Amino acid sequence: MKTVELLKQVQKGEISIEEAERLLGRAPFEELGFAKLDTHRQVRNGFKEVIFCEGKQDEYLKDIYKRMVEETAEAFGTRASEHQYEIVRSVLPQVKYDPVSRILKVEQEERNPVGLVAVCTAGTSDIPVAEEAAQTAEYFGASVERIYDVGVSGLHRLLSRLDRIQAANCVVAVAGMEGALASVIGGLVQNPVVAVPTSVGYGASFGGVSALLTMLNSCANGVATVNIDNGFGAGYLATQINRLAVEKDSGKGQ
Amino acid sequence: MKTVELLKQVQKGEISIEEAERLLGRAPFEELGFAKLDTHRQVRNGFKEVIFCEGKQDEYLKDIYKRMVEETAEAFGTRASEHQYEIVRSVLPQVKYDPVSRILKVEQEERNPVGLVAVCTAGTSDIPVAEEAAQTAEYFGASVERIYDVGVSGLHRLLSRLDRIQAANCVVAVAGMEGALASVIGGLVQNPVVAVPTSVGYGASFGGVSALLTMLNSCANGVATVNIDNGFGAGYLATQINRLAVEKDSGKGQ
Amino acid sequence: MKTVELLKQVQKGEISIEEAERLLGRAPFEELGFAKLDTHRQVRNGFKEVIFCEGKQDEYLKDIYKRMVEETAEAFGTRASEHQYEIVRSVLPQVKYDPVSRILKVEQEERNPVGLVAVCTAGTSDIPVAEEAAQTAEYFGASVERIYDVGVSGLHRLLSRLDRIQAANCVVAVAGMEGALASVIGGLVQNPVVAVPTSVGYGASFGGVSALLTMLNSCANGVATVNIDNGFGAGYLATQINRLAVEKDSGKGQ
Amino acid sequence: MKTVELLKQVQKGEISIEEAERLLGRAPFEELGFAKLDTHRQVRNGFKEVIFCEGKQDEYLKDIYKRMVEETAEAFGTRASEHQYEIVRSVLPQVKYDPVSRILKVEQEERNPVGLVAVCTAGTSDIPVAEEAAQTAEYFGASVERIYDVGVSGLHRLLSRLDRIQAANCVVAVAGMEGALASVIGGLVQNPVVAVPTSVGYGASFGGVSALLTMLNSCANGVATVNIDNGFGAGYLATQINRLAVEKDSGKGQ
Amino acid sequence: MKTVELLKQVQKGEISIEEAERLLGRAPFEELGFAKLDTHRQVRNGFKEVIFCEGKQDEYLKDIYKRMVEETAEAFGTRASEHQYEIVRSVLPQVKYDPVSRILKVEQEERNPVGLVAVCTAGTSDIPVAEEAAQTAEYFGASVERIYDVGVSGLHRLLSRLDRIQAANCVVAVAGMEGALASVIGGLVQNPVVAVPTSVGYGASFGGVSALLTMLNSCANGVATVNIDNGFGAGYLATQINRLAVEKDSGKGQ
Amino acid sequence: MKTVELLKQVQKGEISIEEAERLLGRAPFEELGFAKLDTHRQVRNGFKEVIFCEGKQDEYLKDIYKRMVEETAEAFGTRASEHQYEIVRSVLPQVKYDPVSRILKVEQEERNPVGLVAVCTAGTSDIPVAEEAAQTAEYFGASVERIYDVGVSGLHRLLSRLDRIQAANCVVAVAGMEGALASVIGGLVQNPVVAVPTSVGYGASFGGVSALLTMLNSCANGVATVNIDNGFGAGYLATQINRLAVEKDSGKGQ
Amino acid sequence: MKTVELLKQVQKGEISIEEAERLLGRAPFEELGFAKLDTHRQVRNGFKEVIFCEGKQDEYLKDIYKRMVEETAEAFGTRASEHQYEIVRSVLPQVKYDPVSRILKVEQEERNPVGLVAVCTAGTSDIPVAEEAAQTAEYFGASVERIYDVGVSGLHRLLSRLDRIQAANCVVAVAGMEGALASVIGGLVQNPVVAVPTSVGYGASFGGVSALLTMLNSCANGVATVNIDNGFGAGYLATQINRLAVEKDSGKGQ
Amino acid sequence: MKTVELLKQVQKGEISIEEAERLLGRAPFEELGFAKLDTHRQVRNGFKEVIFCEGKQDEYLKDIYKRMVEETAEAFGTRASEHQYEIVRSVLPQVKYDPVSRILKVEQEERNPVGLVAVCTAGTSDIPVAEEAAQTAEYFGASVERIYDVGVSGLHRLLSRLDRIQAANCVVAVAGMEGALASVIGGLVQNPVVAVPTSVGYGASFGGVSALLTMLNSCANGVATVNIDNGFGAGYLATQINRLAVEKDSGKGQ
C-alpha cells in the first residue's frame, strides 16, 4: 500500500490512527523498498545499472542480461569472459563483446556524447583497464579522448598531447609499475584527475600496490584514486564529473 | 611580473628580446634558492598556492608567508602548529589560526561562496580532518555544509541529513576505524564522493589503513579516495568538481 | 576399557587398586584418549565432529566418512570437491553434496530446528560462504533465515528485512570487498553479530584482508570476526549462541 | 511533529494528503531522528551508551559526562586518562577511576549480576585489557570470574581452573605475544570464546598482529575475535551472549 | 584427594561409581595441578624462573624479586630499566644491574661454566642484545665467548676469529640491518647457529623485519631464528644445546 | 701448488721471497678453494651434501645424482617431483622416492640411528613437512619418533604422548593455521624445540605467516623457528642437536 | 615557434599580447616537444630501445620486431616466451632465442666489448636472472664475466674468484633467498655493486621481498638495488657505469 | 709476524716447514687480519672510513673521532646530533657540524673536486637527506650541483635545470611522498640515477615505503635505489661512479 493511499484511508476514517502509525512506523523501509528506491535511484543518477560479470554463473548471467534488455533495451557488463559472451549471445544475438576491455553490452545507437574525458595510460599494457574506463564513460554519455602510452619515462610523448589533456573536464590516469603518471598530469591540469593503478608490473610492484601508493601519495593536488585495475570505477566517476561540468548547475546548493 | 606585463614591455621596447626570453625561460616559477614558487600554476589552475607548514623551519615559514601576502594579499597554510602561528603572527599580525583544522591563513573578506560541497564525518574524532577539507573548500570559494558524526553504526543520523547530502555537487566522506561511511553515502547520492580515511582508530586500524582499504574497495560506484588524513586534498578536489558544476561549460571538449 | 567399567572392577575386587591406579595414572591422557575424550567432548558440546575435507587424500576421506556413519549414523564435511563427493558416494550412496556450500553430508531426517540465526550477505558472490554458515547452523539444530544481497550500497534492501534480522539470536554477516555490512547491522540489532570476511573482491581487497580489517575495526558494538571465508566457523559459533538463548540457563554460574 | 499528530491532522482535514505525503516522504529519517531512534536503541539493547574517552577534548568530555549522569544517573567511559579523571571529577565528584582498566564511571549500587562470564589472560601484562572486558561485563550486569596468568607455556595453571572456565556462558580469552590461549581454551569448552589479541609483546609481535592472526586462524571451533586491545568490545559481546543464556528465549524466531 | 584414595573408597563402597567417575573425569587436570607440574618442570629443566621486567609495576616487581631471592637465593630479570634497578635495590641492596644488557640480577658466586657458546655480533649497535644472550647463557652455566663487530662487510674480521666460533657447541649470531651474519657463520661451522635479528637499522629495515627475513631464508643449513631483539631467548636455547653437548647422553631415547 | 710445497721451494731457494709472498697473498682464498674447503667441511660437519631438487633442470639433476652416487655411494634430495623421480631413475634404478615427503634418495642400508628426535604435527595436513624433517634426521643418523595430529585444540592427544616427547634430545614441532603447538610443547619439555610453520591453513593464515609469527613470539622458552614449510632445515638442525647430545663433548671449549 | 621568434613578433606588433600570452602559457612544453626531445634522447643515450615482450600481443610484437630491424638492423627483447619466439621467427628467421635468459634478439656480429662487468649469482637457480643481466650488458657493448654459484654459505667459492670480481668496473650481484651476496661482495670491492634480488626461495622469502630488504639494508657501502628479478635493469645500469669508466670523461662537469 | 718475515725464517731454516705451514694455515685470516686488510681496503677504495654516529655512546664517539683525526687528520661522521657535536667539540675544537645534513666532520682544506654529481630533490623537506648525499660526495672529492625542489607536480622547474642534470656523471634523485622524480629524471638522462626514497610524507606513505616502491618499479632504465633516507649511501655510490668516469680506465678488464 502506498503512502498516499494509506493517508486517504486515514482521512476517510477507514483505518485507525494507531494502525496507520504502526504501518508507517515500519513503512519507511518497506515503503522505500526495492522497487521504489530503485526508481528513485534511476531518476537521481541517470545511470543504468551495470553488471559485474566476473564469477557470475552462466544461467544467472543469461537471465540478468535478458531481463535488462527487456526492461531497458540495453545492458552493460564488465569483466566478462569469452565464454560468458557465448552464453549471453545464445539468447541475445545482438550482444557485443570487446576482448580488450572485456565489456559485454547491448547498446542502442543514439549516443550523443558531451563534454570531454581524457583517458591516459603510461604504457600499452595498461590499455585493457583504460578501455574499461573509456567505454564505461562513453556508454554513460561522455565524449572520450584516448591518449595512450605516455608514461613519464618519455615526457615528450605526454607533453605533445597536453592540449587535449588540459581541455578535459576530468582526466583518467591509468598506470602500473611506479604509477607516476597521475602526479605528472596532476601538475599540468586544472580539473580533477582520477588515478587508476594497474596490476601491470613485476617484482616489487606487488600486483598494483606500488602504483596505488604512488597515486595516494601524489605530490600534485586534485588527484583521487580508485581501486587497482578498477577501470569501470574511474570511468563512472569521470562521467559524474563530466556531467556536472556540462549540465548547468540548478543552484540547488543555495 | 606577470607574463602579460612582460609582453607589454616587449611591445613597448622597454625590455630587450634577449632579456624577455631569459625571463620567460625561467618564468614558470621563481627561483628562491631552496624553494621554487610556482607562478605559472597561478595562471593555469585558478588556485593560489598552498603552504604545507608541517616540518618547515621557522625562518623559512615566516619568509614564505610574508612574500605570499605581499604578492597575493592572502596566504593559506595547512598542518600548522601553535608555535608556527606565533612565529608567523610576529610578522603578520592579521594571520588567523584554527587549532582544530590547523589551518593558518591571511584571508581577505570578500569570499562569495558558490555551489555546494557536503563534508560528512563518521565520528567526532574525524572532525579535524573534515575541517581541513571544509575550510580548504571555503577558501577556494565553495559553499560548504558540515554534517558531522553520522557514522554507519547509527544510520538514522545519516538518513536525517540526506537532503543536504544529496544536494551537494560533491560529498567529502571522512571516516576512520572501519571507514564504511563512504560506501553508504555512495549508495545514496548521484554526485561524486571523495573519501578521506583518517588515522582515527586503534588496534588493527593500522593508522588508517583499514579505512583506506575499505574506501578503495567500496561496493558503491562513484567513490574515489585520497590519502589518509588528507583533508586538504579532498577539499581541493571537491572544489574542482564544485567549480565545474557551477561554471558554465565552455564547450572546450567539442 | 571405560572408566566406569574399571571402577566396577575395582568395586568388585576384580582388579587391584595398584593396577587400577597404574591404569588411571597413565590414563589421564591415554584413558581420556581419542575414544574417551571424544565422548566427553560429545557430552559437553552436543556437537558431532566435523570433517574438513580440503586436502584430505581419497582413501583417508572414504574411511573417515564410513567410520563416522557407522558410529553416529551421520557425517558432516566442509570444503569438499566434486571429486571427493564421487569418492565418498562409492561407499556411502546416501551421501549428499551441495556444490555451492561444498558441504558433503549424511544426515538423518529428524532435525527440529530451534531459535533463530540470520545469515546475511552483502552480495551474491558471498553466498557460497554464507551457505556454509547456514547449513552448518542447520545441521547443528538452529533455525536459519537467509537474507542475501543486502549490501550497504543499497541500504533499502537491508532495511526492508530488518524485522527478521532483529529477531535473530545471532546474526552472521558475510561480506567481501569493503565488508561494511557487519558495522551497519551491528548498529541495528541487539544480539551478537558474527562477521565473516570473504575473499570476494579485486585489486586492493587482498583476498579478504580489506573486509577483515573493516570488521575488526567496526564502529558498532557487539561484532566479532572469524577468519576469511570461514563460513563453518561462523555457523558453529552462531549455533553455540543460539543454543544458549534457547536452552534455559541451568544457573551453573552461581 | 510526531507521526501520530500528523495523522490526526490528516484525519481532521487540517492538512492535505499531498502535504502529509510530502512530510512523511522525508519523515522516515527525520522523524526517526536522533532522539527517537535513540530510545528505540535503548529499548532494544538494554545497553546504555558508552563513552570512548581517548582523544576527547576536556570541555567536551565534561559535558558528556554531566549530561549522561543527569539523564541516566550513570555514566561509563573507557580509555580515560588520569587527566580526564581530574577533569570529570571537578564537576562530578562521585566519579570513580580505575587506572588499570582506565574505566571512568559513575555507577549506582544496585547491580545484581547474572550468569557467568570467564575472563582469562595469558600473562600479567594482559590484565589491563582483561579488566576493561571484565568491568564492562560487570557494568552491564554479568557475573564475571577473573582467571589470570594461565598462558599455554604452563598448561597446569590453565587446567587447574578448568571447572570455572567450562561453567561460563562465554569465555573472554585475552592474550598477546603468540596468542595461543584462545585455541587451547576453545578446545576445552562448549560455549563461545571471544578472543582479544593484545599489543603485549616485542619484536615480531607487531603490536598485536601476531596474536590477532593466531586467533583468527584458531584450529579450535567456537572462537571469534575482536580488535587488538579491544577489551570493551569483548566484554560487551560476552554480555550479549550471557544475557541470551540467562533470559528465557521468547521464541521470537518461530 | 589422590587417585589411590578414591579407588580405595570405591573398593570399600564409600563412594558411588557415578561419583567416582565424575571426580575422575575432572581429575586428570586437577591431579596434574599447580604444585605437581611445577616441581616436574623444576626437575625437568634445571632452569630457574626468569623475570621479564619490562612493563611490570614497581610494587609487583619488588615483591617478585624479594620472594625469588628468599626461595632460591638468586633472581634473574631481563629488560629492566634504571628506575626498576632503584626500586629493587631499595629492598635487595645486593642486586646488580648492567645498563647495556638491561639485566637485573642477584647471583651467588659459585658458577662453574661448562662447554662453549659463541656470541657474535655484526656491529657494535647489536651488543646490547648480544649481552642479554651472553649473560643469560652465563647465568645458566655456559661458558661464553664474545666475538663482536664481525659483520659481513668486512669478512676478515670474522675469519680471524673462526677458530673459536668453530669450537663452540652453539653459536648465537646477532645482527640487524641486513642480518647476513647468520648465513655466513652457518656456512662455516658444524654446530647449530641461533640467529637473533635486531631492530638496529633504518629505512626499510622495518624494526628488524629485514634481518628476521634474512635469517629465516638463510641459504646455510643449521640456522634457527628467534624473535627480533630476543637475546634472552637465544641465550636460553644456546644453553639448552650446550648442556646437551656437555652432559653425557643417558640413552633415554633407546 | 700446495702451501707445503711452496714452503719447500722457499727453503730450497727455488722461489724468491717476493714471489712466495705474492702467491700466498692471493693464496688464502685459492688455497682454501673449492676442493680443499670441501674436505674441511666434510670432516667438520659429518653431513653429506643435500640436493634441493625443486626447479633444477632435468639434465642437471641427473648429472648431480650420478656424480653424488659415484663419489659417496649415496644421494639425498628434497622437494623432488614425480617427474624428477622418473628422470633420475633412468640412470640410477636403485633410487627411491617418497611422494609424501618428496625425498628422492639413494641410501645404503647400514644406518645405526642414535639419540632421539621427536617430530610432532598439529594436524594431518602438516605430515608432508614433518616427514621431510623426520626422514632428513633419519638419513643423517638420528633415531626419530613420529607423533602426529596432536594439535592444541585437543590437548589430551598431545598429553598422552608426553613421555616420548620429553625424552627427545630435540623436538620438531610442525604446525600450520595458528601454530600454537610449539608454545605448548615448549612449556612441557626441557630440550630445544625447533618450530616449523607450515603453509597449511586458509584465509588470514597468509601461506604460513600466521604460524610463523606465532612461533617467533612463543611465550615458552627454548623455541627457535625455521622457514615456512622448511622440514629439511628443522630435521638438519635437530640432527645437529641430537648429535651433540649423543657424542661425548671433547672439552673443546675449555 | 621558438620563444625568441614569438617575442620578435610581439615587438613588431605582428601578434597580439593576448595571443602571445596564450601561446607562452603552453609553450614551455611544446618547445620541448616530441621530435626534439626524441632526437636528444637518441643522441644522448647511445642505447637502442629495448622491447619488454611479456604480455605483448602476437601481432603487436611481430610488428615491433620487424620495424626495429628495418630501422636499426637489430632488435633486443626481454621476457620473451617460446611462443613469442615462434611468432617473431615467422617474419624474422634470423632471430635468436635463449630459453634461459628469455632474451629474443636480432644482433649484428661486430660487437667489440669493452671494460668489465662481473655478474655473480648466489645459486644456480639465480642464473636466468643473471643471464638477462649479462646478455643485456653484452648487447650494449660491455665485456662480461660470469661468476655463478658463489653464495655466502660457502665463502671459499666466492673468495676463489675475487680477482676478477675486484677487477670489474661494476659488479652485478644476483641472489634470492636471504640475498646476503651483495653485502659480502660490497665489502670486498671498490666499484659499485648493483644488487638484484630474485624470487628464488620459499616460505618467508615472499617472492623476493626477503632478498630485496637484505640488499636495501646492506651494511656494506656502494650497493644499489633494482627490482626483484630485474636482470635487464641491472645489466643496463652496469653498462652505463662501465661505459663511464671506459670512455674518457669529457670534463663536462667543469 | 708478517708473511714476508715468516718466509725469510723458512729460507734461513729458522723455522720448520711444518710449523710454517701450520702458521700459514691459520694465517689466511689472522694474517689478513684487521690492520692488513684495512690497508688493502684503504688502497683499494680511496675512501676513508666513515662514522655512523647515531646511537653511539658519548665516550666511544669521542675516542673514535680523536683516533681518526690522529691517524688520518680528518674524520667524517653521519647522523650526528647536536649533543654529539658538543661532545666531540670538547676534544676536537676544529670539528664542524651541519644541523641540516647532520654531518659532523674534521676536514682539511685542499679538496679539488672533479667530475659532476647532480643532487636533485622533489621538495624542500627532502633537503636534509639530499645534503647528506651532496656533502658525502663532496667529502670524497666529487664536484656537486644541488638542484632542489624540482618535484614532478611542476615539471617546468625540473626542465629548466635539465642541462646541468644531463651533464652529470651520476644523478642522485631524492624524493618522498610518491617518489616519481627518479622515473622522470631517468627518462631524461644518459648516466645512472641513484634514487633515494625519503620518509617525507604522511598517511599511506608509510615512512618512505611508497617512494621506495615507486623507485624500485621505475619504468625508466638506469635507476637504482638505496635505502629510505640513506643519503650517505647514495652520495658514496655517486662518488664511485663519478670517479670511474673521471679516472682513465686502466684496462683492467682486458
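Each chain carries a letter (A, B, C, D, E, F, G and H) given by its place in the written order, and its residues are counted from 1.
In the analysis below, a residue touches a chain if its C-beta (ideal position, glycine included) is under 8 Å from a C-beta of that chain, and two chains touch if they have at least 3 such contacts.
Since we're looking at a predicted model, the values are computed, not measured.
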Reference chain C; chain at largest CA-centroid distance: H
Pair with more cross-chain C-beta pairs in contact, given A-H and F-H: A-H
Inter-centroid spacing, chain F versus chain E (mean Cα positions, whole Å): 24
Rounded Å distance, chain D centre to chain F centre (Cα mean): 50
CA centroid of chain B to CA centroid of chain F, Å: 59
Whole-Å gap between the CA centroids of chain D and chain H: 55
Residues of chain B whose C-beta touches two or more other chains: 25, 28, 40, 44, 154, 203-205, 209, 212, 216-217, 221, 227-228
Contacting chain pairs - touch in the sense defined above: A-B, A-C, A-D, A-G, A-H, B-C, B-D, B-G, B-H, C-D, C-E, C-F, D-E, D-F, E-F, E-G, E-H, F-G, F-H, G-H
Residues of chain F touching chain D in the complex: 122-123, 151-155, 177-180, 183-184, 186-188, 201, 203-206, 209-211, 213-221
In the complex with chain C, residue positions of chain F that touch it: 124-125, 154, 156-157, 159-162, 200, 202-205
Residues on chain C engaged by chain E in the complex (per definition of touch): 3-4, 7-8, 10-11, 13, 17, 20-21, 24-25, 27-29, 32, 40
Of all residues in chain G, those that touch chain A in their complex: 26, 29-30, 32-34, 36-38, 41, 54-56, 60, 197, 199, 208-209, 212, 227-230
Parts of chain C lying in touch with chain D, wherever the complex brings them together: 44-47, 50, 114-116, 143, 145, 166-169, 189-192, 194, 212, 216-217, 221-228, 233, 236-237, 240-241, 244-249, 252-254
